[in-house]
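This report concerns only the one structure given below.
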Amino acid sequence: MPEINMRQALNQALREELLHDPTVHIWGENVEGVGGGFLITMGLSNEFGERVKDSPLAETAIVGAAVGAAYCGLRPVVELMFADFTYICMDEIVNKMAKVRYSFGAYNDVKLPIVVRMKVGGYFAQSSEHSQTPLAHFMHTPGLKLVFPTTPYEAKGLLKTAIRDDNPVLFFEHIIHFAAKGEVPEEEYFIPFEEANIRREGSDVTVVAIGYMVDLALEAAEELAKEGVSLEVIDPRTLEPLDMDTIMGSIEKTGRVVVVDEDVTRCGIPAEILMQIFEQLTEAGKTPVPMARVGAANTPIPYSPELEKAVLPSADKIIEAVKKVLV
Amino acid sequence: MKLTHEDKILLYRNMLRGRKYDEALTKMFNKGQVPGMWHSGIGHEAVGAGVATFLRQDDWLEVTHRGITHGLAKGLDARMWLAEHLGRVGGYAKGKGGHHCADREHGILIGGGTIGSCFPIAAGAGLAAKRLGKDQIVVCLFGDGAAQRATLHSCMNLAGVWNLPIVWVCENNLYSITTHVKNAIAAENIADLAHSYNMPGEIVDGQDVLMVTEVVMDAVERARNGKGPSLIECKTYRFREHGEGEIPTPYRTREEVKEWKKRDPIKLFRYLLLDEGVVTEEDLNAIGTKLDKEVAETVDWAIESPMPALEEAFTDIYVE
Amino acid sequence: MPEINMRQALNQALREELLHDPTVHIWGENVEGVGGGFLITMGLSNEFGERVKDSPLAETAIVGAAVGAAYCGLRPVVELMFADFTYICMDEIVNKMAKVRYSFGAYNDVKLPIVVRMKVGGYFAQSSEHSQTPLAHFMHTPGLKLVFPTTPYEAKGLLKTAIRDDNPVLFFEHIIHFAAKGEVPEEEYFIPFEEANIRREGSDVTVVAIGYMVDLALEAAEELAKEGVSLEVIDPRTLEPLDMDTIMGSIEKTGRVVVVDEDVTRCGIPAEILMQIFEQLTEAGKTPVPMARVGAANTPIPYSPELEKAVLPSADKIIEAVKKVLV
Amino acid sequence: MKLTHEDKILLYRNMLRGRKYDEALTKMFNKGQVPGMWHSGIGHEAVGAGVATFLRQDDWLEVTHRGITHGLAKGLDARMWLAEHLGRVGGYAKGKGGHHCADREHGILIGGGTIGSCFPIAAGAGLAAKRLGKDQIVVCLFGDGAAQRATLHSCMNLAGVWNLPIVWVCENNLYSITTHVKNAIAAENIADLAHSYNMPGEIVDGQDVLMVTEVVMDAVERARNGKGPSLIECKTYRFREHGEGEIPTPYRTREEVKEWKKRDPIKLFRYLLLDEGVVTEEDLNAIGTKLDKEVAETVDWAIESPMPALEEAFTDIYVE
């Protein structure tokens, strides 16, 4: 199988879907030519003409138009250069995209097939407005699907599934993953939503890690293996829908769990997943297991690289949390 | 476009139909039969009928919270609309949407609860219309208040630079709730904004249904012929308070309201039709009588129609 | 002491602060004259002229200008008609207001004294874009303070504290509370932040309730008292800063906790507070207590009143949750 | 405003100073000494010096991500600015802010990471200036890309309707990263947008520092005299790629870049000064030599200056 990086994998998925369905249209800032801030759409405008088009610098228009266009028959796959810019178009995402089917669609069977792709993540000294990983806001918003691949293989398979989905999907791509290489089949394939991926099997502690945190969790697992501690690392891949069964199955085995997310800890996804675990255990009449969470500190993301590292999760912080639940 | 006698009668009927449904809902609201809000559009009927009567079914129309005449003229089902306002299962969203209606079958776009969210929706509809190549066009209505929202700029600019088939129609009724447009918009006229997007801008007497129809349909024609967007400002007035149930406060004078009511768009058009000899008093009264019957029946049906089962609250979030 | 409703209490606080400090300025949609959507600013424009001014209908400008104006020496107290409209100006709130001191202010000792007041809450058939209670997003955003009074007395005392605070404060007012009456002193007073209020003492279960949920929790307490179950009802009043000490003290006594919030449950505030409780207990070497949360279902807020009630929290749902933790 | 010889020499020095700091940071970036991003403003110096040199210290200036000449001319401390870019504790935000600088003491507003967030910040600054009554004014710089953001409309409208003392200055360098302004803005010229806000709009050769100064300072005067906002569009060009480290791609031609480089604003002004006999070659070279020394010292200082302690990451979130 050819080895390609995540950029190329995403590009392949987009190209295949543009070929597959004439209603797939791409727009966003600087997506023509070499393909915008992160080169994901490289070459597609040459092949597909106006179906891959530079938009003005206007996130409200980019994402808002996706809502209108999807209602009227297109299948927009739009790009936000940075996930931090979702804050510019939250009304379009939260008050519209997420609610259209519920508030307007019941009788008309309205479908809103939209994918909003965006770069997330820190560790790159891009300062507080270009480094966030704001998934929790959207997991808090009923009506959206959330996808966060961690390998080129998954990026392609999940993006194709996202584009075929008839619901609005937010698709997150971590800056550190763009250059990471992996094997990607040339033939078409799809990765279903709501199937967590057990990235490493283990027996002592379940670590649920989101996005780039999977890499850090695997690093921690490697480290802890030396001390004889065995981590099971689970990547949920989609946060909505969320495959709680795989997580609960793993906890059944390990009896301990740590959830890791790059976003601000407070009111974040780890608290949610841990509460669901607690509730499911309680519901089943079981005693709660030791639980811990790792996330970003309660600060904006600082620019200076060492400070940024101090604020964001790291393999060391995961190890620390694992040791807590091991006691 | 050249209007036939039948066309004119249709315009009259659509204005009157909107008015009668509006009055009916206003009455129901004041009887406590409407669970949520109601924004009467009485006074705006010339815009409503003028923009919507002669659009194709597959054209797209974005209406405001005051857009019942407009919606009905475009094909909105009165029963489903009323049922939706009453929170009944027979409504467009099984009673889950409420004040804001959409009807994809009849080309009615998503009416958002955040004023000014019409602009991106319409821009997207225009883009879809253009790319799908079926000669559809979009008419987007918005108030003078909405014209103050940031989204206007990014979306009118998009429409301009991508040459989208959109007719932007402002219903300038002078107020955004209690704020006069002069205290909220820097431009002399809202039509002036067209200049920023390299599109034609025109001002229309919004109480004159023939003028609205003519100017809007010219712009529709332009859009359909690939000549891009236009902006039309209709000067109109809301006869009632912003939201039903609100008491008048000194933000506008009684005299102003009285002056404007003299220019009731339905009365004006009625005089004109009679004057032109297009119809007789009897013809017009017959239209009214027929509509009264329709409205009464719709109201009775809606009031009798069932509430949604509680489980409905948990459906329609995702397509399976 | 005179009995007044919450509108009047808020109006008093605004008037006193306008009198106290000439840099206090108010703007927002329709705040002149009788005072906007909810009559809170009634009469103030007559007394204070342009210091209480109608803005255009433009939330990005209203809130964004507050950031610029506070940086340059005003103390803006702006009004958003509905909290649902925060989604329109999230960039201004999350990427700017919350971050200015951290990202720009360290050397210049920049202070950003802003209060954004806004109506929240459902149970009023105002449909999905006028009924939300979106606090969790902001508790997830470091740099903001969050205040949610539940009585006229608190409304006045907390709003005055908020206006004197040198940090940006989001101030939430529940639609159902506007008409509720209570005793309010005529003399000036301030209620400090980070002081939870024990609204009802009890011994069996601690119920932490936010905003209007306090009313529902008190209703549930009344009901359960008949069955011999004693609830302690705690209103945190400020979510940031959050008085965890009072909450932990209560749990020490009751050994059980339910957290209630009107917002969507998933990734909401209850999960956060419960995780903090879990962490503090674990840290202290104690076993976890029975915990449950009550919040809105994972749907947009429906219009039809019975459906809305089915989705939002109720006294009955609180009773149900209490019974779960009592087992 | 009438410029003296000293004024002109100051303008030249401010342009050159910006250029030299810009080149220094560009060099440092390419040596891997800058942890984050760097957007060179080489080519924009006439705008930078023209807008900022003659403002009062208590006037407010909002600069773009390409605004180093502008900031320095307004009084930004070069050491603190450079230290901030290098993530050092001696920077304006102890290294926590990075690319975007603010200096309240010298009237430099918050430079946001989200392009187009300048508009509300400047509107608020203008409001504060007006209400505090100290005759301050605001100059807000923004790019042709920023001009596409929705926020422009709500804020220019606010400035217009509230008659705020703001001079909006667009640095139209033809591109937003790789997108040409013709493919992104519907208006013929960005200055046309002024019409929507009932304010004067003017187009200026952004490579001509005297013209920029004259037109901007006239608008500053208007604003200071309570005559409200203006919009000025400076036609300029960025000589380097959008972000340092990016390789040129075919979005623009080599010829276009070459043509524009012939209109290097510093060279043009140098010729003019010599031509006018304001200064001699030696004078100008002496200015350059002195600046070289200053820049070298600043760079040395910044590189030697310490990183923030890790605890700094957790401070300055709230005022105690």
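Chains: A, B, C and D, in written order; residue numbering restarts at 1 for each.
FYI, a contact is a pair of C-beta atoms (placed from the backbone, for glycine too) under 8 Å apart; a residue touches a chain by one contact, two chains touch by 3 or more.
From a predicted model like this one, the values you see are computed outputs, not experimental measurements.
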Legend entry - Minimal step count in the chain contact network, chain B to chain D: 1
Legend entry - Identity of the chain that, by mean CA position, is farthest from chain B: D
Legend entry - Gap in Å, rounded to a whole number, between the CA centres of chain C and chain B: 36
Inset, instruction - Mind checking the centre-to-centre distance between chain C and chain D? Centres are C-alpha means, answer in whole Å. - result: 40
Inset, instruction - Send over the residues of chain D in touch with two or more other chains. - result: 93-94, 96-98, 100, 112-114, 148-151, 154-155, 157, 161, 183-185, 312, 317
Inset, instruction - Note the residues in chain C that touch 2 or more other chains, in rising order. - result: 55-56, 58, 60-61, 84-85, 87-88, 91, 95, 102-103, 127-129, 142-143, 298-300, 302-303
Inset, instruction - Could you tell me which shape the graph of touching chains takes: line, ring, star, complete or other? - result: complete
Inset, instruction - Please name which positions on chain D make contact with chain A in the complex. - result: 35-37, 84, 87-88, 93-100, 112-116, 145-146, 148-150, 176-179, 183-185, 249-251, 307-308, 310, 312-314, 317
Legend entry - chain C-touching residues of chain D, taken from the complex the two chains share: 60, 80, 91-94, 96-98, 100-105, 109-110, 112-114, 117, 119-129, 131-132, 150-151, 154-155, 157-158, 161-162, 312, 315-319
Inset, instruction - Spell out the part of chain A that touches chain D in their complex, as residue ranges. - result: 29-30, 32-34, 36-37, 54-61, 84-85, 87-88, 124-130, 297-300, 302-308, 310-311
Legend entry - In the complex, chain B residues that touch chain D: 148-157, 159-161, 183-188, 192-193, 195-199
Legend entry - Residues on chain C engaged by chain D in the complex (per definition of touch): 23, 25, 50-51, 53, 55-56, 58, 60-61, 63-74, 76, 91-92, 95-96, 100-108, 110-111, 142-143, 145, 166-167
